[in-house]
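Working notes for the structure below.
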Amino acid sequence: MRQPQAVRAGLIGGAVVLYLGAVGMLERFSERSIIVGLIRFNLVVMMAAFFVFALFAYRRATGEANTSLGTGITAGTVAGVTTGVVVIILSLLVDAGVDVRSMFLRISPAFFEAITLGTNPYLGLVILAVIGAVMGAAAGGFRRLQPTPRTIVITVVGTVLLLGLGARLFIPMLQGLGIPTAWLYRSDALTILGAVIVSVLAVVIRLYLQRKGGFRKALTEVPGVTPSNVRPILFALGAIAVLAAPWIGKQFVADVLGTVGLYILLGLGLNIVVGYAGLLDLGYVAFFAVGAYTVALLTARSSSMVGATIFDLAPEPLTNFWVALPITLVVAVVIGILIGAPVLRLRGDYLAIVTLGFGEIIRVLILSDWLKPIFGGPQGITEVADVPAFGADTNDPRVLYYLIIAFALISLFIAGRLKNSRVGRAWAAMREDEDIAEGMGVSVIKYKLLAFAMGAAVGCLGGAFFPAKLGVANPGSFTLLVSINVLAVVVLGGMGSIPGVIVGSAILVGLPELLREFGEYRLHIYGAILVMIMILKPEGLIPDRRRALELHAEEPHESVGPLTAAATPGVQ
Amino acid sequence: MTTSARRSSLGIFSRLPVRRIVLIVLGVIITVAAIAGARATLATGQYSGRVWQDLFVQGLARGSVYALIALGYTLVYGILLIINFAHGEVFMAGAFTTLFLAGYLSSSGFMASQPVLSLLIMLAFSALVSMGVALLLERIAYRPLRGAPRLVPLITAIGASLFLQYTFRGFYGEQVRAYPNIPGLTGDWNIFGISIDRPRVVVIGAAILIWSSLYVFIERTKTGRAMRAVGEDREIASLMGIDVDRVIVITFAIGGALAGMAGILFILLFNQASFDMGFVPGLKAFTAAVLGGIGSITGAALGGLVLGLIEAVGPILFLSGAGIPSVGQLTSVVSFTILVLVLIFLPGGFLGAPEEKRA
Amino acid sequence: MDEVVSGYGASEVLHGISLTVNEGETVCLLGSNAAGKSTTLRTILGMVPTRKGSVKLRGERIDGLATPDIVAKGITMVPENRRLFAKMTVRENLEIGAQLRDDRPAIASDIESVFSMFPRLKERVTQKAGTLSGGEQQMLAIGRALMAKPSVLLMDEPSMGLAPILVEQVFETIDEISKQGITILVVEQNANVALGIADRGYVIQTGRIVMKDSAKALLANPELSRAYLGELEG
Amino acid sequence: MSLLELKGVSIRFGGVQAVKDVDFHADLGEIVGVIGPNGAGKTTLFNIVTGFYTPDEGSMVFDGANISGLKPNALTRLGMARTFQSVRLFNAMTVLENAMVGQHTRTKTGLTGALIKGKATLEEEAMITAKAQEALGFFGQRLLPRQNQLASSMAYADRRRLEIARAMATEPKLLLLDEPAAGMNPAEKEQLIEQVGRLRDEKGYSIVLIEHDMPVIKSVSDRVVALDHGIKIAEGTYDQVASNQQVIEAYLGKAGDDARGDMDDEVST
Amino acid sequence: MKLSRLLVIVAVLSLVAVACGGGGGGTPEECEADEFGCVTVAAGEPIKIGTLLVITGENQTLGLDSQAGAELAVDYWGDNAFDGTVGQIAGHDIELVNEDEGCSAEGGTAGAQRLVTDTQIVAVIGTSCSSAALGVADKIFGDQGIPLVSPSNTSPALTNPGTHNPFYLRTAHNDTIQGAVVAEFASQELGAASAATIHDGSPYAEGLANAFAAAFEEAGGTITDQVSIQTGESDYSSILTDLATGGPELLYYPIFVAEGGLITQQAVENGSFTYLAGSDGMFTPDWIAAAGAENADGVYISGPDLSQLAGDADFYENEFLPAYNETYGEPTSVFHAHSFDAVNIVLTAIEAVAIEDGDTLHIPRTALKDALFATENFPGLTGTLSCNENGDCQQSATIGVVTVENGDFSDYVYSATKGLEG
């Protein structure tokens, strides 16, 4: 082969497709149609893999190979053939009676079916090679496309995938809007006609907007909209969308958005601790749990609550949500300070493991037999009362959704205010250089405790709504994975960045909820996305202005300051 | 603002180490409570010397496994200052994959005829698989991030950890799978008049052997010296002609191999493998590494053993006397409380230097 | 070294430095704090990337090579502040200096010759380097560099933090090393001592060479005294 | 009247006597230069004075108050500010924000203030900004026009200036400058000399500065203190100190007096 | 501006669509009267039954087995044949909508909330794990007027008068029965005088452990200790060492597969316990694999005795099982029959209350619930089902005990039928 890079990319591409098959994803994806009778999701994924690695081959290729279609075709074909050959080998092994499945569980008939698109391995090899070659050529062609055709291709593919994959979300939404869906969807997949219509529509809209110079500009064409009021109008449209979402999408959408809202609350809280003050907290779930359990204890009707067991009261809620909320805040702040106080002197990774430990301690305690009379053990506290709102007790997810959104807005406001204040500056200074901050008069102890307390207060709000939403608080919801999730939300969005928290929550919490049908691969894909984003965009998706500048300006002079010298090996 | 006004705003708190006093009081209260609990437990007379001895051996055995995994954390941390959060999955990869080799060895009858050789083959195979995973991890997840802020590799590691877990779940399924028993490793051995469960003896022995080999390797060989040098001062190490990248790769390889071997020892104790088997031991080993002083090889061993002992003995000793039910549940409460206490008074763990300011 | 421009990140520290050190020569590079002396040495060793210009060793370009490869070509450095491996013993520090060599007997004999040069080190051979006094550390740092059998030795402020008598000693040692035929480039603030042993000298100021001359001429140059030492001498 | 008075201050690190029995004072409105070869203990002395290190022995009085054992933040509040030898700015903050942090001890907006952002807070914030800008403005057009840039993106000399501006924003009585001229070219040094003079004359600060650059020391100092190996070896006017034999030896390394522990090490570098 | 004109047309069209979509026909009185209204199944639309079972994760064998039972019931309905044709009621297909409950309260909530999004869901078969139902799924469905019929929840708490949700029923037995049978077996057959229990805190395990303990003490035995463990750990040896100090003859740990395997193995290693016993959470080959066959040998496991089905054993053996095996392979759990029954009582009730309105079908929700609770002497696969006011439809159950021999479950070594009361 004259194009080693193309062959290499192709081999990797083939390996990736085989990997997706071996972990069972292709098989699972083949159950999902994107367009009825035409394209299934497994085919989309395989085509995408061939396409991406063909593009990758171009990136690596030099000289003539970089422009020739041959590179893409080679890479794609190699990827297809690799996949096909391995599949043939596997099928021969299976035929020869080797029990491949005792090790690789997913190398099942369904695996072969998914990867060979329902044919046999030999025909599969041919098909895969052809698809690979076509996708490789497509990749090469795509690179040469003019911007406009390129936009069209991206728009069509994007629209079909979005509407096809999101069928279960869009069908109820469309129905909620009163739009009939039969022409567009049949059994959770796009009809061919529907796919064509929406594609055309999407392309038309996209090109129209492009001609107008973007959505904003286009909006100004509407009578009454001027460049000066386009911002408030956009904002109002956004607000209407947020408020109307649960009515359009019904309970499920409200539920998903409510969960996103909870994570926004948690993210904002952790953002204060990690993003503003630079304290790495891996046990943030502790505050989530404290918020949830305090509210649950105070408002549950169940017999495991303190009142019933210790004070022998009738199994009635002690109080309602709105009284419980301020109490919860106080409790959370106190616990925040209690957790913060012993670890003030620890830095970095030591702080991380200790906070992680605190998170675990709290989880284990609420789970334990010992405190079961109070916290209810593994089943937790059930029958948490509904939130009285708008004059009635309600557990309508839509009402809760509005409450969560309201508190998220309040927290956004708090986080924003804190950031650009004397307090925020003190935190930033402390994060940058603890010694110098102290030298500038910032009491490090006070501000660290303040950060823990504020983080706890905001985080416990998220926790407070949790049992109200579920009707139950139980320890299964307060695992280390929550801490990790929240931290990932903060870091992915961009540390210290408030919009980053919103985007991070939407991506890491909202999307997986919508794609629940692939639930078993949720964390799998989640892990891969975390790694990819961190490598491609370490500053986060919407980086804080300062951080972004910092990362791109690279580290300035690396110098051993006089104060650190004492701790530097070699001196003492 | 006048001078006097400024001065009056400085309370007595500016000078008194209030925080320290609070911490010491806290430490004393916890210690007293622990002692009281221990007295109460011993007073019940429910536990004979034999029980304590069993618990001790159990603790040593699980501590040995923690220690070996902790070495992987400590080696990588010592050189790159990153927490390889996915190390627990490196451990899982070796142990889970070796399951199939063990199955083959067992069904072919080789294990019955050559149990020791089988065990060695399994150790080597598991070490290889884990090493491979560790190297992939280094190449794909960590190398592109060298020099990034410290949180970034941490998140990557968490992502990699999930990805690896679910990859293996995808490959081998989500069910718990049992290892075949290795002949000759059931029952007890009598050592110094104490009968000890055979797998525990093997685990403790193997861990000591592996740890000592590592120690000798690090302390006595040229490569080991290079690793220490890179850990202390990467720039000067390269000035000595050391290829830093290569040393980092070697470090990951060694850490991975140790985790793989720890995986087999873990299997000897618990006999079953699953895709999520790495998570809890990984976390415990990380705790052990910090407890002992992260970055220190001896510290990792010490931290692992201490943690294992605390977990085995601690809950019963400190809590059961206080009338707390199901003390076994509170294992991590006890171990993390002790971790916090240790770090309050020895911020660098048993053997680590206090962490440098701003690494 | 020719018209070298280098720096860290966004900041450019060297703005085109040219200097030559001939085989067997001892050259000193003088300058105040943050003038770019250390950066010059680090650039030669590839620790700071060369942005423009070239660095040549015996006519062969070495800029762009990785540090270990440059070291393998026979250049090494005694870094500023010694930067020993504090947790290793004296012997290990010496051994690691010979990391690139494989000839065990020769290494052993070189260690002995370092000990004969610095008997103090021999007394402390099993002590951790971090526990040594400043003077001993400097000896060890020099010894460690010599273990690489360099043909060119770069020294970064060998007098820093040392008592006068030790400074004298260190420079005597440098002189001795130079007599063994090793080419030396020494960076110093302490101009008198440095020039005392050097053949030639350069003066660097904010990333530019402002003076170059033979050591004697520089010592005699009142410009140097004024600009660099102030009028302390007078 | 002396603003800062140290008596018999000593500190050891491990086996190393970094500062030994030093008496030191700075009077109101005085500029004191501290000189000494690398590793003489100058920066250690600064760290003691500013509360980063606690001395093993000795008494320290600042502005009439006993300051031993006080933490740096308390000392800043009392009116002490410093810069660092290796510039240590808050790199991820803007130039203006760096200076605004300096105002920390002079202001009091807390959590509630920050959240409610009432009139008092707004006024205070405006005042902080104004004071910070005033401090930046001290350096003419060097800093003020770049106030929204990141500190890390500034040129070296400007970073040094910003450090001084940040210290000025704390409204100190005593300013301690650690090698302010390092890395500056002659023209910049000239400016610095003039600015240090103005700091005293216009702002009324007392100033203690460590400097290697003798012309700078000579031009600005009212009094010069020379340290070597943690011991004060000379004190007086520049000319007196510069002609002191011990000082010359310490600098130029002409053998002579030395018997003094050759094992001594120095911690600050 | 061609494009903009097109946009306007699109906008107008969609508005028209919105306006037209809102229309609908009239509703019968019963629906107006019903607190929760009716499910209206339009012509050609299917009748949707939800399932909320554990179909992913380490306990998925439990849920997949129940799901298979439900699918077979839908197949069998109407034509009384396992032929792959979906059953119908009044010309409407019966469709199952499957969701996962993850065997946890959290999973139960999430799954239940997704199901209630679909207002066409008439009733739900689930959950598998009691933890997903108790206070969670039962409440969510109850609040929407959707009956939840569980084929495998056995926790007594679910049908306790104090905690029972009015829309909750189950075809699985109540664990007070199983606990009593195991206690009887332990004290009478094995002759154990003392026992200790371990549970993992789940309502299932805890309920069973407590029911066993109560019955065992009543039978004159001594309970030396009752502890709960943390799931997810590996080393339970110190807990077992601790338990052993009380000297119990029997260790009863009615928990799930992973921990069940570890405890089995470590208890064997410990060697202090004469008898080991578990229950239906471990009644799967997965547990034997997890424990290791050598260790599992001799352990007693209890569960519903399928060989003693009070129902049509002949049908079960000769029709149901072969159909099951053909589509799903060997059963991985013992609740497929309960699930088959659950679907059948639901469909029977729907048939009883559904109001036909031409091709449209109206199903009043409260009436459906009442019809379910009125189920009396229903001839089910697992016996005769009669639902009481607390939702227990198995008034008595036959619980069998098996042991493990050479890595496989033996035939029943003990079997007893007990009623719910006493």
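Each chain carries a letter (A, B, C, D and E) given by its place in the written order, and its residues are counted from 1.
As a convention for this text, a residue touches a chain if its C-beta (ideal position, glycine included) is under 8 Å from a C-beta of that chain, and two chains touch if they have at least 3 such contacts.
Predicted model only: the values in this text are computed from it and were never measured.
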Practice task
Supply the minimal count of touching-chain steps required to go from subunit A to subunit E.
Solution key: 1
Exercise for the section: Can you pull out the chain pair that has more C-beta pairs in contact than any other? Expected result: A-B
Exercise for the section: Select the chain at the greatest separation from subunit C, using centres from the mean of Cα atoms. Expected result: E
Fill in the blank from the handout: Most remote chain w.r.t. Subunit D, using mean C-alpha positions, is E
Practice task
Give, as an integer number of Å, the spacing between the C-alpha centres of subunit C and subunit B.
Solution key: 43
Practice task
Mind checking the centre-to-centre distance between subunit A and subunit D? Centres are C-alpha means, answer in whole Å.
Solution key: 48
Fill in the blank from the handout: Whole-Å distance, C-alpha centre of subunit A to that of subunit B, is 30
Exercise for the section: Could you tell me which residues belong to subunit E and also touch two or more other chains? Expected result: 56-57, 227-228, 230
Completion exercise
Flagged in subunit A as touching 2+ other chains are 364, 367, 369, 433, 435, 520, 553, 555-557, 560, 563, 569-572
Practice task
Can you tell me which residues of subunit B touch two or more of the remaining chains?
Solution key: 174, 232-233, 325-327, 329, 332
Fill in the blank from the handout: The answer for subunit A against subunit E in the complex is residues 172, 175, 177-180, 201, 204-205, 207-208, 211, 221, 250-252, 255, 302-303, 364, 367, 369, 377-380, 382-383, 395, 397, 470-472, 474, 476-477, 516, 519-520
Practice task
Name, in rising order, each residue of subunit C that touches subunit B in their complex.
Solution key: 45, 47, 66-68, 71-72, 76-77, 79, 83, 85-88, 92, 95-97, 99-100, 144, 148
Handout entry: Residue ranges of subunit A in contact with subunit B within the complex
Key = 19, 22-25, 102-106, 274, 280, 341-350, 352-354, 356-358, 360-361, 364-365, 367-370, 433-435, 445, 480, 484, 487-488, 491-492, 495, 520-521, 523-524, 526-531, 534-535, 538, 551, 555, 563-564, 567-570
Practice task
Under the touch definition given earlier, write down the residues of subunit B that touch subunit A in their complex.
Solution key: 19, 22-23, 26, 77, 83, 100, 103, 140-141, 144-145, 147-156, 158-167, 169-174, 232-233, 283, 286-287, 290, 294, 324-327, 329-330, 332-333, 336-337, 339-340, 343-344, 347-349, 353-359
Exercise for the section: Name, in rising order, each residue of subunit A that touches subunit D in their complex. Expected result: 414, 417-418, 421-426, 428-429, 431-433, 435-444, 450, 454, 546-547, 549-550, 553, 556-557, 559-563, 565-566, 571-572
